[in-house]
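Got a structure here, written out as structure tokens. Questions coming.
As written, the chains take the letters A, B, C and D, and residue 1 is the first residue of each chain.
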């Protein structure tokens, strides 16, 4: 087998496993955990378009997530509009917001950008918490919105069991990974990367770094908002402190950095490590030794960063490539 | 025995190797020039001597002691002082404070006042500018501060990285005159320059560095006559 | 760099194996005949304090029930408690409910204190038909979602606000003092907003003049601007909804700025937190608070239960922990009658609960009986006043009058 | 209009304390070029140290500075030395290593929850202290005495740190490192030792802030988070790395928070702070005292 075929075979194997998993893993608990894992991998991959390729550290993506969640929920609950439509509209709104916030902030350097996005995210939360009605829309301030689980079905993006959610978020994840893959190979990806590492050099080559970053931001916020709508339909309850929280913005960034920012598989790897650590340590220690699970989480963050500052993808891609090479050689 | 002896070093920036199997010697009291084009590895070489980078292979010794694994502050304490490319002044500090920080190392810090007088003696302009922020000075003055700051460290071996960079010709002459004075007072000087004519004319010996390798070495006058040097660097 | 990578790999592998082994272990346990109770409460994060109290109260009740022979109709089956930390986050509550129901196969769920966590979590229980006992999340909505499996022990917020105003009326009559101007100050969350909306209605009905209606962020680091606002609005009565940190800060700041009020009425929560009395000390004197229960309640067993609790955990039972304590007895009673681990039967038994006596009934009201929505019909509230009558600051029941501590004369209006 | 004056004074006093909590943040950022997300947790640790020092000794809260300052200095020094330094070494080529941010966040989680594990979730205040509840009456205005002390502590600390940086040899070395790491190394300055010291000083100032808060504030495991975001806003407003800017930025936030609610709901005043912050970033990103493109 050639190297290319090996890679294809490997990819097919992974796809078979992830698509077949619900057939073996019948427990809704684990499906629920997996749905959230994929959701976070999806969010982080979307974040990566800005945070990874454009070389800045946005810490306010929860605002876009919130825009998506609120748009689809308000439209669905109060006007009966299908969440699929709300999802796209939320994406568009988030994308406009993203460009508006990106215009002034992309001029900033490192820490300023990070802090500005934190303030943007928190400011968004404060606004939602303070506003009960936005024109004809009831967003209910700090009390959040419930989605009555009445009309189950694909049209309403609402199901009684976990499997449909699992497949929807899986497809979304694969789609966003594909998008990233193509962007990373496109001119835009190249420019973004160049602009992230050597902004002056890129600029001198005539690359419009600012515009590239804005395009990335628009895409990233659009994709993030889609996940917000999905999450709202999955959990059927949203409120500002859960969908527009700093914790969420941070966790997305953590997953990216732990996995390896700027790489395509990084977010997935990061989610694969951090989500189980966070879930299982809470399950096993959360009740007996309050806080221990967050100590473990914190320790994992510290240790991975000390030993693998480039993230998990670095040794794993090396191992993967090594394996491919070995198989490749053996088959010849 | 050579004052500074570099033997067969390889140096890389990340995955990119910049210096290949390089050896050179500097004897006490000499002025040695390293010349070469952009990207030849000159700055990398100086950074390696200063301990900002460490060689993957080979060794560097100073007065017989190996220094290639030492951190920069220890190397400064031994008396090797670099005046970095682009001056790298502490822009938001006064000229005086820049000089004081220059004398931070163990050998110099007890003689700050005396050293400062010596520096002001050599570079009287700096005394006038004493309380001005370094960033408000002109390019030539900034280079003076950089040199003064280097002298504050009481160097045994002073390394200058492109001191003429970005300066008007008249200022360049000033700078080289100052370097000559420093050498005449007994400080060994290792000079990295693109301005080959000036630097070789005040040096004792020279090395030509190309693509991370020493291509030619010899006495300064001989190098000035060398045909390769002439065509490649002197534009003749 | 090679070695550390290996270490990390080994570490994470060990972690995985460990968690999986633990997971397998907990599944094995489920074979004995036990009643598994899943409790979702905040044990870390901003509400950790109340979560911990609820956990302690549950633990004490379950120990008592099991020591007394467990569920006799199930052959002495023991109650087995499973706890999990919601961190006050809805998504964690939902995930944990899923896990408790599907993986741990719990028979009953309880929780979650934060109303924002309780809504979506009860929806999960409803979907699987697992009974969910809510000791204290007070938002009306929780029992008004049309769910069949949700049972709330505590009063809902419309009753809390109703009783706060009834209390005010009664006190005005009793002490012949007319209070007119009223101020609302509350944390800007679903709890505070819920109360404030009902206060507004009640104030209108009761002919009070609302001089201030002020939400504040419960993460505020300085509450003196709010206190100044209160001072300048110059109300007679101040109604509060606060979490612990802000309740303490607000009380101390009110005292600092010498704000003269005729009555301050809290709404449990932060004001009922055991740390509150310790941290606010003398500044809390004469403050009224509405609670479900107080240590001086005139009920057999109440005093003993509190003493036992205090000697074990170092602080008094509070209204909210008593609800958790009672919830376990309500559950035991229902299990006894259900004589089955079938959730449908348990739900039916819970729905027909009429518990009027027994060790758990140390609450002020007569019985626990759920209406169609799952709300405890009898749940009632008492008002306490914080005062020092010789043994340091303590909480003294003053209202309703028939529950008032013998010999105590409430101080009203505040001097 | 006296009330506006009264609120402004309160805002300035409380704001100066915010500034003091942010002082270490700005110092650490200035030198290490890293946002220390664990700063609020360091403040929290300081508050626990001060709380226990006062409770166990019964001394005047400000007297515990003798203990708190060295304890916090060493804590910060070794935290940087043991936990954060390795990442700097691994990422030595990066000017603003983002990985360090993640590590400081990890430290935040660990510290907050370790405190929860050890001391429990309770809220503590020091009942018996000579500053508690003291108010100064001034022409019909009430001014909090503990906040007045806090204000003095903030101004004195800022002045002391400023003078230290300007006038001492170590201070110059710290400034030199913050301006140009590589050049500083070439002067014989030990970069990582400077980082340790800067982190130590930053942590010690958080300790001082903790002492000013303890007489009138609650102590609990998550208390630091409340001051964290505020600190970030303050340091950007004042100019990252600027000592005076931190105090002034704190005062601005304090005044908005104090005067704002008199004209609107307090929850909106919080929004105004974020709005102003963003506006400021767009108009003058270097902050009040920061130098453009310096960082």
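In the analysis below, contacts are C-beta pairs under 8 Å (C-beta built on N, C-alpha and C of every residue); 3 or more make two chains touch, one makes a residue touch a chain.
Every value quoted in this text rests on a predicted model; they were computed, and no experiment measured them.
A.B. asks: Looking only at C-beta pairs that count as contacts, which pair of chains has more of them, B-D or A-C?
C.D. replies: Ranking B-D and A-C by C-beta contacts puts A-C first.
A.B. asks: Specify the chain with the shortest distance from its C-alpha centroid to the centroid of every protein C-alpha atom present.
C.D. replies: D
A.B. asks: In whole angstrom, how far does the Cα centroid of chain B sit from the Cα centroid of chain D?
C.D. replies: Those two chain centres are 41 Å apart.
A.B. asks: Measuring centre to centre with CA averages, how many angstrom lie between chain A and chain B?
C.D. replies: Spacing between the chain centres: roughly 50 Å.
A.B. asks: If you average the CA atoms of chain B and of chain C, how far apart do the two points sit, in angstrom?
C.D. replies: 73
A.B. asks: Using mean C-alpha positions as chain centres, tell me how far chain A is from chain C in Å, no decimals.
C.D. replies: Taking the average C-alpha coordinate of chain A and of chain C, the gap between them is 35 Å.
A.B. asks: Which positions in chain A touch two or more other chains at once?
C.D. replies: 126, 129-130, 290-291, 294, 306
A.B. asks: Could you pull out the residues of chain C that touch at least 2 other chains?
C.D. replies: Residues 44, 48, 51-52, 188, 217 of chain C touch two or more partner chains.
A.B. asks: Which residue numbers or ranges of chain D touch two or more of the other chains?
C.D. replies: Chain D, residues with two or more chain partners: 113, 116, 121, 221, 265, 267, 270.
A.B. asks: Any two chains that touch count here, so list every such pair.
C.D. replies: Inter-chain contacts occur between A-C, A-D, B-D, C-D.
A.B. asks: Mind listing the chain A positions that touch chain D in their complex?
C.D. replies: Spelled out, the residues of chain A in touch with chain D are 57, 104-105, 107-112, 114-116, 118-120, 122-123, 126-127, 129-130, 246, 250, 253-254, 257-258, 261, 289-292, 294-295, 297-302, 305-306, 309.
A.B. asks: Using the touch rule from the top, collect the residues of chain D that touch chain C in their complex.
C.D. replies: Going through chain D, the ones touching chain C are 3, 6-7, 10, 14, 18, 113, 116, 120-125, 127, 133, 135, 142, 144, 216-218, 220-223, 225-227, 230, 254, 257-262, 265-267, 269-270.
A.B. asks: Considering only the defined contacts, which chain D positions touch chain A in the complex?
C.D. replies: 29, 33-35, 83, 86-87, 90-91, 95-103, 105-110, 112-114, 116-117, 121, 221, 229, 232-233, 236, 240, 265, 267-268, 270-271, 274-275, 277-278, 281-282, 285, 293, 295
A.B. asks: Which positions of chain A touch chain C when the two form their complex?
C.D. replies: Residue list for chain A touching chain C: 27-30, 32-33, 36, 126, 129-130, 141-144, 146, 149, 160, 235-237, 239, 241-242, 247, 273, 276-277, 279-284, 286-288, 290-291, 293-294, 303-304, 306-308, 315.
A.B. asks: Give every residue of chain B touching chain D within the complex, in rising order.
C.D. replies: 14, 50-52, 71-73, 76-77, 81-82, 84, 88-93, 97, 100-102, 104-106, 109, 149, 153
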